[in-house]
Every structure is written in C-alpha cells, then in structure tokens.
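What follows is a set of structures to go through.
There are two complexes below, and they share chain A, which is joined by chain B in the first and by chain C in the second.
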Partner chain A sequence: MSVLGLDTITFRYPSASADALAGVTLDVEAGETCWLYGAPGAGASTLLMVAAGLAPRFTGGSLSGQVRILGVDPVEESTRHDLRGQVAWIGTASDIQFSQVAETVREEIAFGPANLGQPMSRIDAAVGEALERLGIGHLAHRSPAALSGGEQQRVVMASMLAMSPALWLLDEPDAALDSAGKEIMARVLREEAGRGSAVVIATGDADAMLGRAGRIVLLDRGTIAFDGPPRQLLADELAWSRGPGGTSVAELARAAARLNPDPRLMAPYPLDFDEAMARWKP
Partner chain B sequence: MEAVSSPPLRMEQVRFRYPGAAAPVLHDLSFTAEAGEGVAIFGRNGAGKTTLLRLAMGLLRGAEGTIMLSGRTAADALPEDLAHLAGFLFQHPETQLFERTVAAEVAFGPRCLGWDAARIDSAVSDALQEAGLEAVRNDHPWDLPGPHRRLVALAAVIASSPPLLLLDEPTAGVDRATRARVRDVVRRRLEAGVAVVAVTHDGEFALEALDRGLMLDGGRIAADAPVAGLLGAPGTPALPASAAIARGLGLDLARPRFDAVVAGLASHWPICA
Partner chain C sequence: MTLHPFTPFVLVGGVAALAFLLPPPVGPVALYGGVLIAALAAGMGGAAVAAGLVLLPLWGFLLLLHGILPGGDGYPAAVAQGARLGAVATASIMLLRGFKPSRFLDAASSRGWSLSAAYLIVSTLQAAPRLRARAASILEAQRARGLRAGGSPWARVRALVPLSLPLVLATLTEVDDRAMALEIRGFRSPGVTRTPLDPPPTTGRDRSLRWGTLILVLAASVWRFG
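And now, the complex of A and B:
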C-alpha cells in the first residue's frame, strides 16, 4: 500500500531562480524506509516539507504535480484535515517544534493525542509507551525548554510517536544525538516500519545509512539521480559525481587509490571497517 | 585591561544548578583553554556540555566558582561585555540568524563592536572567504540549505576575531564537504592562536580539528586526554573508521587523522604504475 505518493513534483521557492524540486516522482510503501541522500541544496529537506504539506503553505513558492498521503492531498485546505495525527514531520531545529504550552515533557507528549480528542486513558497509555520507547522516562517531569538538544530531539520524536503516525518525515534526526541516542532512534524507526509506517529520512551522512534497512534515493539539484539499495550506490562513483560522496571508508579507499592505483584500493570501494579489513588484511 | 598572558578561558571550581533542579549539572569543574588549544567536550546527552559553554559565554548566570575570559570575570558581565572575548555558535544556527543577507549577518558582530566601515568590510570579506560563502553573500540566510546556514553562523562568529570560540555541535547534521569546511576554519583559527572549545558527538571532526578531549560525566571531568586516545571510551564518540583501520592494519601514525591514514594506506602496498 502506498503511504506517500509524489507525482512529477516541481517546487520553486519565492524569488528563487531555479526549481528546488524538478519533476520528482516517488512512491513510498507502508513498512518501507526510504533515505533521501544528497548534498546541501539537492532538495531533500524541501521534499520532506512538500510531502508534509508545509511547503508552499508556510514557505510560499509555487508547486506543481500531485502529493498524496494515504490517498489524501495534504496540500489542499479542504482535505488536509483528514491527515491529522498521521504525518510526523521533524525538522532540523527540534526546539522550535514544541507546543510552547506544556510545562513538562509528559504534557508535551500528551499535547498531540489530546488535540486529536483521544480519551484520557488512551493518551496516558500512549505517553507512557512513547517515554519508554525513547528512553526518556526520567525526563517526564522536566520542562521541555530546559533540556539539552539531544534530549529535546527525543521528546519531539516521542510526541509524534504518541500519535502513531502512518508516515514519518525526518530531517537529519540523528544530528544532536549521542551514540546511545542514535541507537534508540534507529530502533524506534525500525519498529515503526515494522508496524507498517512509511519512514522517509533526509541525510547527508552516508555512514548513518549503513547497517540499517531501506532504499536510498539520491537527489541531485532537485531530481532523482539514483533509487535503489544503499550499498550499491555508496560503493559507486555516482555517489561522488552526483551526490555528497560515499561512506567515510569508501572515501578513504578512493583517496588512497588516487595515490596508489592498487586493485585492492579501487572501486567498488569497501563501505565499512569490516569490509575494509576483509579486503586489506585477509 | 586584560593581562596579555591570561588564557582565553579559565574555569575553576565551577558548580551550577538549574533553578528547581534536584542536583547540580556541573560540580567543581576546572579547566583552562590556552591560546591555540582545541578542546573537544564529550559526554552523553544531558551531561552538561551545553551548560558549560553557556556559562563561559555569560548566557547563563549564577554559577559558583570562577569563570574568566582572557582575564575578565564572566560572572558579573553582560553577554555584550564578553562579545569581543568569545564567539558562540549555537547548536541550532537558526537561533542566531536574523539579518536579511549573509553579508549583513556576518557584519553584525563587528558593527556592534563599533569598528569603522573599512575594518568591517575587510573582516566580512575574510570571514565569508574562509567559510566559502562569497557566492551567496547577498542571499537571505534562510534561503540557504541547513548546512550552509550553519556556515553563515560560523562566519558571523569568527568575523570579529574573538580569542575564544565556543562551538556547540558545529558539525551536527552537515554533509562531508561542509564538515571539511568547518574543520578547516577551526584549524586555521587554532593556528592563529585562537582557543576553540567545541561540544561534539562527531568523533571524526574532533580527531581532525581538535587536540584535547574532556569527557563530562556526572557533572565532572571524568577524563582529560588527547582526542585520539579518548575516542571509543564509554560516553565518547566512536573512533572514526579510518583511524580504526589504521590501527587494524598496524599503520604507525602519530595522529591517525584522515589524510595521514590515506597516505599510510596508499604506501601499505608497493605502488604499481
């Protein structure tokens, strides 16, 4: 079942001289994880905002093509209401996403389901579960504003989780997290895909995608340059010619191959420590 | 008048508790960042890393102990009194961008310090060049992609050439090219004698740009060691894969920075034409 469908989407910001997205067609199914990979300005963040119905609604600009979430148009004023609680968009500045009315983390997480009119018992259960799954139970009575950046990121995630969205749209969700936080985030997103949500994650960090499921969509100046398995792209020259490059280990091999064209250093490049050691220290 | 020999940042026996919090977030914390020294602050989310930076900049008040910026006490100072002594890069650069063009944003600090027009122009040009932003100097900061907005904030911070840079997660959420740019800016500032204190979860950036690592745990400095020796310890970022590979292959490198590993790897096998 298609959760997110983009059909020949072209979007241009107001007063921009080029399209941020130029004819993008993309379908993300229930249970699927899709990585949007690209250099700054490639269009990944813009694609998330268009999919969430935030652009052009809050940014201005012109949009053509068709967006569908669960068959509903999130752009159109008359239908977007039907998607309440279904779409979890998290931008890069998580601290500006708080309700600003909650005094505690628990209240912050309850804000979404309460606004959906859910009964108290169900809200309590959803909040408790979200706190636990993100490992932030110890923060429940703290003020969201007084938390660290990494803690806030997890609270924002928990407040979306409490609404059981069908679609996650995440812009660099790992950015402020320590390694324990990154693992928790990865696990929660894996579980979300497992229960049938579609997960779309924008990243410029090739290493973040390794060891995690999903397909990778490489964006280059607003168009899709590749759509397939991450390992295939990240070992290929295409990752450099049309994107921000491969993994750090692939980058290492590629740079060394320029100094020494030994076959052990040439493409397809090893992607991580284990692959590199298997090839270089058999 | 600041004594010439005063270090850019000195913290002594600093203790801080947020209002209403049960326990202090920092206990008796002491360290000094000397001129030209690059210090990485590691620690789990909520360990007090950002608090430390905010106290140093005078953005948080009410700490016990001594906080001195180039010999000036931070405790009784307003942020504007400290503006020429330290530059602060926020975790979310969006927090600090408010001008209509990139150039105006970068000029804001020098302008507030009362510099004359020629000096401002030259400082802005230098900072934009260093951050690789000349081509977008007339763009609106909010029209740039997120990683480049971070570079705008960084350029604005370095434009007034403070002797201390306090950077909160300077490479969070940026791509490889932007990260290399941030690294180069930090390296160049360190060479110029600036002290850099950076909170980071990015082991690669810490290894590439900084020298000394402090690990915060339970509000105290749990470890103070060269970055390369600290990475991979509990509560610190993982050792970057390139450094781990250098170790695994037995490449004998004094500092396993990326370029050194590339050279070591290339010469690991005979070069065939």
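And now, the complex of A and C:
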C-alpha cells in the first residue's frame, strides 16, 4: 500500500530563479525505508516539506503536481485535517520543534496527542512507551530547554512517536546524536517500518545509513538521478558525479584508485571495512 | 498553594484599574505598598526590585517634571504617578515570573477556549525571555567572530547592526519553522478539543481573590465617579 505518493512535483521558492524540485515522482510503500541522498541544495529538505504538506503553505512559492498521503491530499484545505497525527516531520533544528509551553519532557511529548484530543489514558500510555523506546525515561521531569542537543533530538523523536504516525519524514535526524543515540533512533525507525509505517530520511551520512534503508533516492538539482538499492549507487561513480560521494571506505578506495589504477581499487567501490578487506586481501 | 492561571490576570487588571481609580496621592501609594507586601509574601521580592530598577529613571524624570521644574503639578502628583507605575509594573512582572505556560494552556483547554488564542497569549508573555536568550547566543557568536560589543559608546553603536540584524532575521525565520512544527503536532485541528493534561482547579481562594478584586474596582469606581 502506498503511504506517500508524489506525482510530477515541481516546486519553486518565492523569488527563486530555479525550481527546487522539478518533476519529481516518488512512491513510498508501507513498511519501506527510503533514503533521500543528495548534495546540499539538491532538494531533499524541500521534498520532505512538500511531502508533509508544509510547502508551499508555510514557505510560500509555487507547487504543481500531486501529493498524496494515505490517498489524501495534504495540501488541500478541505482534506488535510484528516491527516492530523499521521505525519511525523522532523526538521534540522530540534529546539524549534518544541511546543514552548511544556515545562517537562513528559508534557512536551504529550503535547501532540493532547492536541489530537486523545483520552488521557491513551496519552499516558503513549508517552510512557515513547520515553522508554527512546531511552529518555530519566529525562521525563527535566525541562526540554535545559537538555543537550542530542537529548532534545530524542525528545522530538519521542514527541512524534507518541502520535503513532503512518509516515515519518526526517531531515538529518542523526545530526546532533552520539553513536548510542544514533543506534536507538535507527532501532526505533526500523521498528516503526516493521509495524507498517513508511520512513523517508534525508541525510548525507552514508556511513550511518548504509544497511538502514532498502532504497536510496539520489536527488540532483531537484530531480531524481537514481532510485534503487543503496549499495548499487554508493559503489558507483554516479554517487560522486551527481551526489555528495559515498561511504568513507568507498572514498578511500576512490582516492587510492587515482594514485594506483589497480582494477581492485576501481568502481564498484567497497562500501565498508569487511568488503574492503575481502577485496584487497592479498 | 498555586493560584489558578487566570487569577493573576484578574489581579493585575484590578491593580491597573485601581491605580487610576484611587484618589491620589494616598490611594496609589497605598496600592503600591499593598503590591510590595504581596510580592514579599509570595516570595517574589525580586520582581519588586526589577520593577524598581526599570522605573528608576522614570521616577527621577517625574520628580523633575512635576516637582523641580516650574509649572509642574507638584511633588504629590509625581509621587502618585510614580506609585501608579510602580504598582502596575511590579504586579505585571510578578505575573510574568509566576506564569506557567502549560498550566495556562490546560486551563484554557478545559474552559473550551480556542487553542490558537491561548497560544497567542502564551507566546506573547514568553517573547521577552526567548528574545533575550537568542540575543545572548547571537552576542556570543559575534564575539567569537571578533566583534567588539563593549568599550566606547561609538563601539557599542557600531556593534548594534551585527547584533540586531541576525536577531530580527532569526526571529522571523523561527516564526515559520515553529508554525510548521506546531502544525505537524496537531495544533490546529478543527472540531477537536484539546485534552487538558492536568487541568488546574479553581479553589475558594481563587474565587475570593477574583471577586474581591472586582468588588474593590467597582467600589472605587462608585467612590470616584458616583
């Protein structure tokens, strides 16, 4: 079942001279994890905002094409309220996503479900579960404003989790997290995809994402340059010619190939340590 | 015991009305005295000090205008005006310092208020501390880039643009970002009543204070204009 459907989406910001997205068509199924990859300015953040129904409503600009979430148009005034609580969108700045009314982390996480008018028993259960799954139970009574960047990022994630969304749209969700936080976030998103949510993650961190997504979509100047398995793209020269590059190991192999044109160093590049060892072992 | 979030608004409104209804100079001075005692009793002496520091130049100006310079209304008028300002400013700062956004939102939700209207009040009351925090972070960032924000008056004036411009731009950007974040979290959900997480009770003390304030304002109006 398609959770997110974008059909020939073209979007341009106000006063911009070029389209931020040009004819993008993308379907993300329930249970799928889709990784948006691209150089800065390629259009990944814009695509997430358009998919969430936030652009052009909050950003201004012009949009053509059709967006569908669970078959509903999130842009159309008469239908978008049917999607409340169904879409989790996490932008790059976590502190901006706080409600600014909560005095504790528990209240912050409960803000969304309360706005949806859910009964208190359900809110309590959802908040408790979100705190536990994100490993932030010990922060429940702390002020959200007093947390570190990584802790804030986990609270934002928990706030979305408490609404049980069907679609996750995440823009650089790992940016402020340490390795433990990254692992927790990856696990939670895997579980969410497992229970039938669709997950779309925009990030340039190829090392962290390798193995976390079944599909990669390479964006280049607002168009889709590749849509397929991550390993296929990241081992190919296309990741450099139209994208931000590959994994650290692939980067190393590519640099080595420039110095020594050994066929074992050429594309397709090894993506991780194990692959490199298997390929380069004498 | 904490007051219901609406009660301080009634009290501040009452203080503002009484400050101009009570006969000067005794009325405003007595009112200011009462507000100061209430501040001390509530453990918010800091609010009275903060209001005094803000008003200090204004009090000096009032004394100069009404008392020292020829053609003024005399010292009693200066004292009355100063006391009025002192009472209203102290009560307002007490309101701001004791304001709990989540309790206010819960109180508004349980009364069936529009969530947007309640949030607007909360945002307005929180704007000053948020701006101060943002200004502090911009100041630190600009200092790290070599900006000299201290020293001579001319240096301070020159530092204003690199400090104020990012503040204004960041504030404008933040409005859009925050609106998007609130939208995603079901903030504007037509036909849905927000669930109050912990609706604050209206106690007998709240009722007494609200009715007492109203009666005092009405009595002062009758006394003044009746």
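Here is the rule we go by: the second predicted complex is superposed on the first by the 280 of 282 C-alpha atoms of A that agree within 3 Å, B and C clash if a C-alpha of one lies under 4 Å from a C-alpha of the other, contacts with A are read in each partner's own complex, and residues count from 1 in each chain.
By our rule, a residue touches a chain if its C-beta (ideal position, glycine included) is under 8 Å from a C-beta of that chain, and two chains touch if they have at least 3 such contacts.
Predicted model, so just to flag it, every value in this text is computed and none were measured.
> Is A:151 in contact with chain B, with chain C, with both, or with neither (first, second, both, neither)?
A:151 sits against chain B, while chain C stays out of touch.
> Which holds for A:93: it touches chain B only (first), chain C only (second), both, or neither?
Once the two structures are laid over each other on A, A:93 reaches both partners.
> Of the partners chain B and chain C, which touch A:119 in the superposed model: first, second, both, neither?
So A:119 only meets chain C here.
> Look at A:197 in the shared chain and tell me whether it touches chain B only, chain C only, both, or neither; answer first, second, both or neither.
Neither chain B nor chain C is touched by A:197.
> Counting only touches as set out at the top, which of chain B and chain C does A:33 meet: first, second, both, neither?
It touches nothing on chain B or chain C.
> First (chain B), second (chain C), both or neither: which does A:163 touch?
After superposing on A, A:163 lies in contact with chain C but is clear of chain B.
> Which residues of chain A are in contact with chain B in one complex and with chain C in the other?
Common interface on chain A, chain B vs chain C: 93, 96.
> Which of the residues in chain C come into contact with chain A in the complex?
Interface residues on chain C, with respect to chain A: 100-102, 104-105, 109, 115, 119, 122-123, 126, 130, 174, 176-187, 189-197.
> In the complex, go through chain A and note every residue touching chain B.
Interface residues on the chain A side: 13, 16, 39-41, 45, 92-96, 146-151, 154, 171-172, 174-181, 204-207, 244-245, 247-249, 251-253, 255-257, 259-262, 264-265, 272-273, 276-277, 280-281.
> Write out the stretch or stretches of chain A touching chain C in their complex.
Those residues of chain A that touch chain C are 49, 52, 54, 58-59, 81, 84-85, 87-89, 91, 93, 96-103, 107, 110-120, 123, 159-160, 163.
> Mind listing the chain B positions that touch chain A in their complex?
Residues 18, 43-47, 49-50, 91-92, 94-95, 143-148, 168-169, 172-178, 201, 204, 235, 237-238, 240-242, 244-245, 248-249, 258, 261-263, 265-269, 271-272 of chain B touch chain A in their complex.
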